[in-house]
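Presented sequentially are two complexes of chain A, the first with chain B as partner and the second with chain C.
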Partner chain A sequence: MTDINFQTDDTVDITDVVCPITFVKAKAALEELDEGQTLAIKMNDGEPVQNVPRSIKEEGHKILKLLDNGDSTYTLIVEKVGD
Partner chain B sequence: MAFSNEQLERYSRHIILKEVGAKGQKKLLNSKVLIIGAGGLGAPAAMYLAAAGIGTIGIADADEVDLSNLQRQIIHATSDIGKAKVQSAKETMEAINPDVTVKTYRTFVDSENISELIANYDFIIDGTDNFPAKFLINDACVMAKKPFSHAGIIRFKGQLMTYVPGQGPCYRCVFKNPPPKDAVPTCKQAGVIGAMGGVIGSLQAMEAIKYILGTGDLLTGYLLTYDALKMEFRKVKLPEDTSKCAVCGENPTITELIDYEQAECDGKAL
Partner chain C sequence: MAVDYATLKKGGFMRQKQKNNFSLRLRVVGGNLTAVQLAKIAEVAEKFGDGHVHLTSRQSVEIPFIKLDDIDNVKNMLAEGGVEPGVCGPRVRTVTACQGAAICPSGCIDTYALAKELDERYFARELPHKFKFGITGCQNNCLKAEENDLGIKGGIKVKWKEDACISCGVCEKACRTNAITISDGKIKLDESKCNFCGRCVKSCPTEAWDTVNGYIVSFGGLFGNSIAKGEAVIPFIDNHDKLMEICDAAIQFFADNANAGERFKFTIDRVGQDKFKEKILEVYND
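Up next is the complex of A and B:
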């Protein structure tokens, strides 16, 4: 994920799984972080980009940015809220 | 330890739960549960614990699979008749979930072997069918400060309670001593409806899982009874004062494990 123009604490690639494991994989990666740390989540266009950001928001985390990678993938930057 | 994509998928319904999550699933994978008795209670308990990804499951039973077991002991199949129950149980659990390591102990528990058996486990499930074993498991767990789930089933009835050291009464607080030999029929003599093991054994698995996760309220200080014919569950509050108990009280009179005499036809797991 070299196209991310700012540093995150961790990255996870969920382009290799399908719903609902996309969210599960992102959730598991977020659990590894401390409050206030950031995660870059690389996901496919379509269903993941429609659902994963919403699910993460529902968990109470803060969506900082959604970057279009220009190759049918997106990178979602999330800040962890809560423990 | 990071989850593989396969593990994320296998445990996805757990990980999605806020009470479990990836952290809780890791706790389950790092935990060790011992099931004593691979019978009517132990079968469903073992299968759910294996499916849940309990990393190490011990199973103790000296018996072989008998045709009359199959009406309720769903971990064994018709083709397993004559096979050691612990081996049959191990094969089923490993087939359900290759993440699980199953340790088999082909023995009946007694005062000589039980302390060593329970020593390496986080939680113990009593799936036995006789009073001597139930008192032995209770006393050994009290002495070793191990949490365990007691359960018993007969006819259309079942009961269970959970003991956690320092958090309420033990089995002996409630039942004092085994009944006289042959005063109470075994399920072999009295019969038991097969699904009863499924109901109560699954509740035992649930208690083990909650204990490991550290979530929710356990059945400590209560006895849950189930009457299938009346379709009634009752959660009976147990006396809080454990100070006079012969084994977990302030001045215990039982300081060594006891092998009570068993009824002749006893000794087999439900």
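Up next is the complex of A and C:
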């Protein structure tokens, strides 16, 4: 599965903010999308990558993949669910 | 007539430094009170106290400045709102709990239901010394389970469901004990590292885990004049009835072995950690 190339509709970088703004910024980016569209969320290792995916799940969106960028950042691929 | 302070204390009336004034401790379970109970407590504090209440360190409420002559009237008025006096002295104290799985997204067990059950089973039971139960819903340990004579911590035992897994990689990073590694799309769970926190389950987008919710129990914690962390002498308990049997066995061990005025930890230390462990393991393995 790792060599699937994820084409997303939008990207957001949350590496410049800390909890809880990480989730707020990701959530705001998801709100811009239509149902079924995908978002790439770039986040830091540590607390963001431990907690943000779960918060996205609790919001009801569909997580597709977490990619290790190899530079202490990760990219979470999310499909928007709901309006 | 001499005032029987011991009986008053047993009934939750704590003598104040101000003569003939008592701070009345109330029976609270798992830190929850209804709005009706709160309104009645406020009414009693206004009418019989000095208009304030104290929130205790263990989730109870005390109404200070109750006069000796008003004790019966106070009890009757509180009863109208479904409020009872609490206890102090050598017996089972307030059962404390965090909000748990009924309210908190992190909760792994229904702490309030369990607190009510333990309260009904043991509250005010006479023992050689005080005995405190505390229940926390998960590894975040908001309720500080290990500072209680018997602490209960909720957890989730997990097993990977390969067919439901999309190998997204989220759980490997959500795990804080590095118990999960993924290679070639397969998850490997190192059970010796898993602390049952359930973060893999709560973050998994496809519910690719079989789960058993259960309990991690610690014994002999205290946090007063002496400070000691309760020790978990048995593995994860995955069954509610077994938990109750273990609580019964622990409290019975204390009742049978403790000297008057000796906290659980010191009884375990004096009789022997190995003997206590043997007793509890016997119940665990039964």
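Assume the second predicted complex is superposed on the first by the 79 of 83 C-alpha atoms of A that agree within 3 Å, B and C clash if a C-alpha of one lies under 4 Å from a C-alpha of the other, contacts with A are read in each partner's own complex, and residues count from 1 in each chain.
Here is the rule we go by: contacts are C-beta pairs under 8 Å (C-beta built on N, C-alpha and C of every residue); 3 or more make two chains touch, one makes a residue touch a chain.
On a predicted model such as this, the values are computed, not experimentally measured, just so you know.
Visitor: After superposing on the shared chain, does chain C or chain B touch more chain A residues?
Guide: C
Visitor: Thinking of the overlay built on chain A, is A:Val81 touched by chain B (first), by chain C (second), by both, or by neither?
Guide: Touch partners of A:Val81: none, neither chain B nor chain C.
Visitor: Looking at A:Gln50 after the superposition, I want to know if it touches chain B, chain C, both of them or none. Which is it: first, second, both, neither?
Guide: In the superposition, A:Gln50 contacts chain C only.
Visitor: What part of chain A is shared between its chain B contacts and its chain C contacts?
Guide: none
Visitor: Inside the complex, what are the residues of chain A that reach chain B?
Guide: 16-17, 20-21, 23-25, 27-28, 31-32, 59
Visitor: Provide the residue numbers of chain A that touch chain C in the complex, in ascending order.
Guide: The contact residues of chain A facing chain C are 1-2, 45, 49-51, 53-54, 57-58, 62-68, 74, 76.
Visitor: Within the complex, which stretch of chain B touches chain A?
Guide: Residue list for chain B touching chain A: 3, 5, 8-9, 12, 15-16, 18, 21-23.
Visitor: Under the stated contact criterion, what part of chain C meets chain A in this complex?
Guide: So the residues of chain C touching chain A come out as 105, 166-170, 173-174, 176, 185, 199, 202-205.
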